[in-house]
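Reading through the structure tokens given below for one structure.
Going in written order, the chains are labelled A, B, C, D and E, and every chain counts its residues from 1.
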Amino acid sequence: MSRTRTAGLPGWLYAPAALGAAFVLLPLVAIVAKVDWANFLDLITSESSRAALALSLRTSAASTALCVLIGVPMALVLARTTFPGQRILRSLVLLPLVLPPVVGGLALLYTFGRRGLLGHTLEVLDIRIAFSTIAVVLAQTFVSLPFLVVSLEGSLRTAGDRYETVAASLGARPTTVLRRITLPLVLPGLLAGAVLSFARAMGEFGATITFAGSLQGVTRTLPLEIYLQRESDPDAAVALALVLVVVAVLVIAWLRPERAAR
Amino acid sequence: MSLEFTATVADRGLEVAFEVATGETLALLGPNGAGKSTVLSVIAGLLRPDTGRVVLDDRTLVATDERVDLAPHLREVALLAQEPLLFPHLSVRENVAFGPRSRGRSRTEARAAADAWLDRVGAAELGDRKPGEVSGGQAQRIAVARALAAEPHLLLLDEPMAALDVAVTPALRQTLRQVLADRTTVLVTHDVLDALLLADRVLVIDEGRVVEEGRSGEVLAQPRSAFAARLAGLNLLHGTWRGDHAVLPDGSQVHGIVAGPEPAVGDLVVATFRPHAVAVYLERPVGSPRNVFATTIDDLEPLGDLIRVRAGQLSADVTAHSVAALDLVLGTAAQLTVKATEVAIYRL
Amino acid sequence: GSDDSGSTKEKTLTVFAAASLTGTFTELGKKFEADHPGVKVTFNFAGSSDLVSQITEGAPADVFASADTKNMDKLAAADLDGQEPENFASNTLEIVTPPGNPEKIATFADLARKGVDLVICAPEVPCGSAARTVASSAGVTLKPVSEEQSVKDVLAKVAAGEAEAGLVYVTDVKAAGDTVDGIVFPESSSAVNLYPITTVKDSKNADLAAAFVQLVLGSVGQGVLSAAGFARP
Amino acid sequence: MSRTRTAGLPGWLYAPAALGAAFVLLPLVAIVAKVDWANFLDLITSESSRAALALSLRTSAASTALCVLIGVPMALVLARTTFPGQRILRSLVLLPLVLPPVVGGLALLYTFGRRGLLGHTLEVLDIRIAFSTIAVVLAQTFVSLPFLVVSLEGSLRTAGDRYETVAASLGARPTTVLRRITLPLVLPGLLAGAVLSFARAMGEFGATITFAGSLQGVTRTLPLEIYLQRESDPDAAVALALVLVVVAVLVIAWLRPERAAR
Amino acid sequence: MSLEFTATVADRGLEVAFEVATGETLALLGPNGAGKSTVLSVIAGLLRPDTGRVVLDDRTLVATDERVDLAPHLREVALLAQEPLLFPHLSVRENVAFGPRSRGRSRTEARAAADAWLDRVGAAELGDRKPGEVSGGQAQRIAVARALAAEPHLLLLDEPMAALDVAVTPALRQTLRQVLADRTTVLVTHDVLDALLLADRVLVIDEGRVVEEGRSGEVLAQPRSAFAARLAGLNLLHGTWRGDHAVLPDGSQVHGIVAGPEPAVGDLVVATFRPHAVAVYLERPVGSPRNVFATTIDDLEPLGDLIRVRAGQLSADVTAHSVAALDLVLGTAAQLTVKATEVAIYRL
């Protein structure tokens, strides 16, 4: 087959790339080596493990969806408009990344908690967030939102706006431009951001335990389960961590088909 | 007055004002970097001028003093930019259908319109490809189809005939002639034939200033700016078609080759030929040139290393040596001849 | 006067201690440094189970103070204890409520009342197993809205008013100051949590380590600990 | 001034964007409201706080540099070459994101610890990694590497390789193409990735406390200090978290000048 | 033989083989989508052919049967693609200096070379701008400068004169003539004048197949393919310059307008003019046309609605009506005239 070819990468580049891959993969191998394979199946199919896994998948999917819904508009506003204070806002949006998750959880508690900033409002509306699955989703969204915003904003800037102006001059309303031109063009960046968000939500621990608590089937996600198991049964914890890894890899590989370069 | 344009763009050194009547086609000519594309960007709303005012029909598109600045998609102006910029993720057909879809046509209608336009630019068989899979000239044709399919109030074309091969150029030029006939258009081109055939008026810009303006034939026949002089070189005669030749108002006949659709007997036509092709004789010669105009020399004007001989409506470019040999002076009676093969006849 | 290390060379004593000992041990460390010029005490505060796995993976520890006997047993099982572990403090549970005690909790049985949002520790962690023990010996069935991973998480929920009651250690209530109210209850005596301490086997400062353990077990140490609310073992 | 303009964003987009901004900023406000301003200065200028902050800045800078050094080659290999197993590798590289940080720390311990995979090798070479500042840098690198790789890979795909082939046809060696064309073109994406990595490293807690321990001045970074302060003095913890946030915002704003769109 | 090319690219329907001698310039002609750019991509190494073999001097660039496939940067081939693709983050000067820098020249040398090339394409004053700040035509000139500055063993130019204004085209054509004179080049163009003036040989491709090949003048004078016929239309006479006219081997004189650098007396020159411009007389006329060739008609050939009259080396296109009126048949003695202004004379 005829094939267009790229400029090619310098050969020396493969050395640090391999080093990097090893750095990420070796610890994984180390974990696999620690797994007590004899009892593996029992460990991971216990009721509490299955409940935690199911909860994690549901909440991570929900929080990823939420991230896309509010993160895409944020990235667009940051990348395609200019307004005073934009630079500060852009940095502030990154905060949940910097905040140790436990502090992030506290901050959420101070905001949505009964005596928090919005506590009174929520009480009037008879909405109870604490100790509910919604709290888990909120905590996960809070910590994973910056991932989507930052990586999508980078893609939007790299892609530029030439096609958008062409589309507008053909009479497309901004909404049409967004739907038919902008989003399809930055799809790789959007997918990357969504994958990052999903992965971060799957691994989220600190903010969840602080803000949502830990009750089996309601708020105890897989990381919380792993953490608990670690106290009583480190082997089970390792086995569960492996499950988390495998599930995440599968979801990510499915979510992220190798997209042919345009 | 359909389009009214005044704008300055300081960092590109542009300061231009002009008007285009409804249904009229204006050709923008000028050297590279003159500011032609900049003018189109301002009209399309992709560039906000420092000061200026652009009014299309009754709608103010931009008016810096009134702080009006309509969004591009509300302007009903379609721009064919200098680069094709086809949307890489849409098929060729979807690219062309994009304008109709955006203006509210149904999916089926838009696809039908896209196919029709693709056919007119000779790219019918490319509909299902992605823009990354077509050649440069094919991309240009598709971009033309996309701009035309948008059916805007005002059409802005930046070098629509660039990158096209000699086989398709005449056909596309005919298509554009038909399409532009009753549409308000601003056309940027480097090709004098396009300016002449497609445009009613021309505007010559140089270094951001208008240096010449007028009806196409007039500007090109009697250029005043250096750039227009370069472009120029065509004689233009208006007449009536008689089946195999045109008759001028003074009764003389013009034979030539019909370009484009065959005119019907009685149609108004224009005959064009280059002053270079006009020969000057003192007596009527016998030979293949079938167009002979008996005239008197009005003017002799140096034009580089040539002499432009003006006689009535006609110009002939001859070498200084010929002028000397024939002893041409003002008032000399002369026979101007031009071969029929040199004369292109177009239906108006 | 245990000044056998009066050398000119600065020595560092590394103490691995449960995170709940942060305040008291930091204070004791300062006292130890004052008593032993040229010695610097550094602390590694973390969860007890973290500390044990770090020591087994070769962390440079001289002293290990655990918040429960289970993790100390793990260290002993790995044969890394330098001397026989000794209990230096104990802790019992106490009820906490948001300031003002909105649900008017008075007894342990009130925790099972309908409409009281209760948070306790998960059974896997020491404070949770203690809560379970107390509940079963008191014959009360607790229905918590959340089983937290640590006392701090319980405290945070109660302090924020999110939960109306929680079960934490006496020392935690004391440290939390007036952000919560504490209610002592008699049933707590059925689950006493013990804090053992030992030197670590491969310590390069075995003498200093033993001296530190003595400081903790001695009157100075006990004074500091009881000021923070710890009981004697 | 004349200004090129973009197609513009649909108006409704600002609603979710504002919602998103509020969602991120409100918790921050809630935390600020909780700070005990009277003692704020004392709290944050204590010796231990300053040591922790200095350590955090140093280690985060080092790990960001390490991420760039090994992450850029990895992103390039993933974006510009195809090889069997690439899809799986791409998912595996994301693992540290999914792994709860504590499990990540355990994995690192199982790899670089005395009884770990490389323990013997390192012992022979007389290299002690665990419980040193190096361990902190490794832990931070492990958790923040995916950020750089994923967001850079997205940018590389969005940018495409047309300029690279032009450069190669002008005689530029792959190394030259990389240095003079590829990297400058994806600079916005690279910066975004580096900022994400830096922020993640600044906030890193779980892997650090597990793998590196919490020794003042050596391995006790700001998040660890915050965790400890929370044991004895929750006010101090909140004040410190605020410091972390402010420092991070400053570093990010400085690192990430508003880049004019090309 | 310097460049040896054989390749098939199935999904673009290409199957082409040709050779280019060292120092020779080959023009690739053909309709849009014929495969011209594809050929250049294969040579430059941007597209791997399904089967094929490209050898430059002694180096095999690709050979699918031997599994040789040299990386683009090792080929010493510079490609001016159909789109300018200037590096957006580098200044115009740095863009042009990129090739020399990549081939190991020092920074100062490379900048000097860049400035020199920018000057030659008439873009000297743009050096400090970013590519985003220049006009379409300016970008095209800069891209030409960048390709030329790379000083490769083989130069591939895809429509180098696209988007240029009429004022700069002749000058740039002259520049290219000088540059390409002793350089191995493959040039894609839609302009017959470029093919004629810049190329030694032409290759006409249509639908991925070679349909015609030969020396430029020959192919264009006697086209056999439909596409070449469209392109064609030029008479070519070789002669020696005598100061104000050229003398042909048979002693007859040719007057015309010198295009490009003035030839010295005794230089070899070529005179070109279109068959359209040639008039046929039965007797020698007196008039401004100063070039009169006495010949005998060899051939009469229908060409669309015209008749191509061949007489010796010359062709004249006249209408069927003229042929009838003058009663032209094979063997008729005729005077073929062409105005001096219609004749372009180039130094060879």
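Note that a residue touches a chain if its C-beta (ideal position, glycine included) is under 8 Å from a C-beta of that chain, and two chains touch if they have at least 3 such contacts.
Source: prediction; values computed, not measured.
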item	value
Minimal step count in the chain contact network, chain A to chain C	1
Most heavily contacting chain pair (counted by C-beta pairs in contact)	A-D
Intercentroid distance (Cα basis), chain E paired with chain D, Å	56
Sequence positions of chain D contacting 2 or more other chains	5, 7-8, 106, 116, 165, 167-168, 172-174, 177, 185, 227, 230, 262
Shared interface positions of chain E, touching two or more other chains	45-46, 71-73
Chain C residues counted as touching two or more neighbouring chains	53, 156
Parts of chain E lying in touch with chain D, wherever the complex brings them together	44-46, 71-73, 75-79, 81, 85, 87-90, 98-99, 101-103, 132, 146-147, 150, 152
Residues of chain C touching chain D in the complex	14, 16, 19-20, 22-23, 26, 42-46, 50, 53-54, 56-60, 152, 156, 159, 175-176, 179
Parts of chain D lying in touch with chain C, wherever the complex brings them together	106, 109, 113-116, 119, 128, 130-131, 209-210, 213-219, 227-228, 230-234
Partner chain E, residues of chain B touching it in the complex	30-34, 36-37, 82-83, 134-138, 141, 158-159, 162-168, 190, 192, 227, 230-231, 244, 255, 257, 275-283, 285-290, 305-306, 316-319, 321-322, 325-326, 335, 337, 339-342
Partner chain B, residues of chain A touching it in the complex	162-163, 165-174, 176-177, 180-181, 184-185, 262
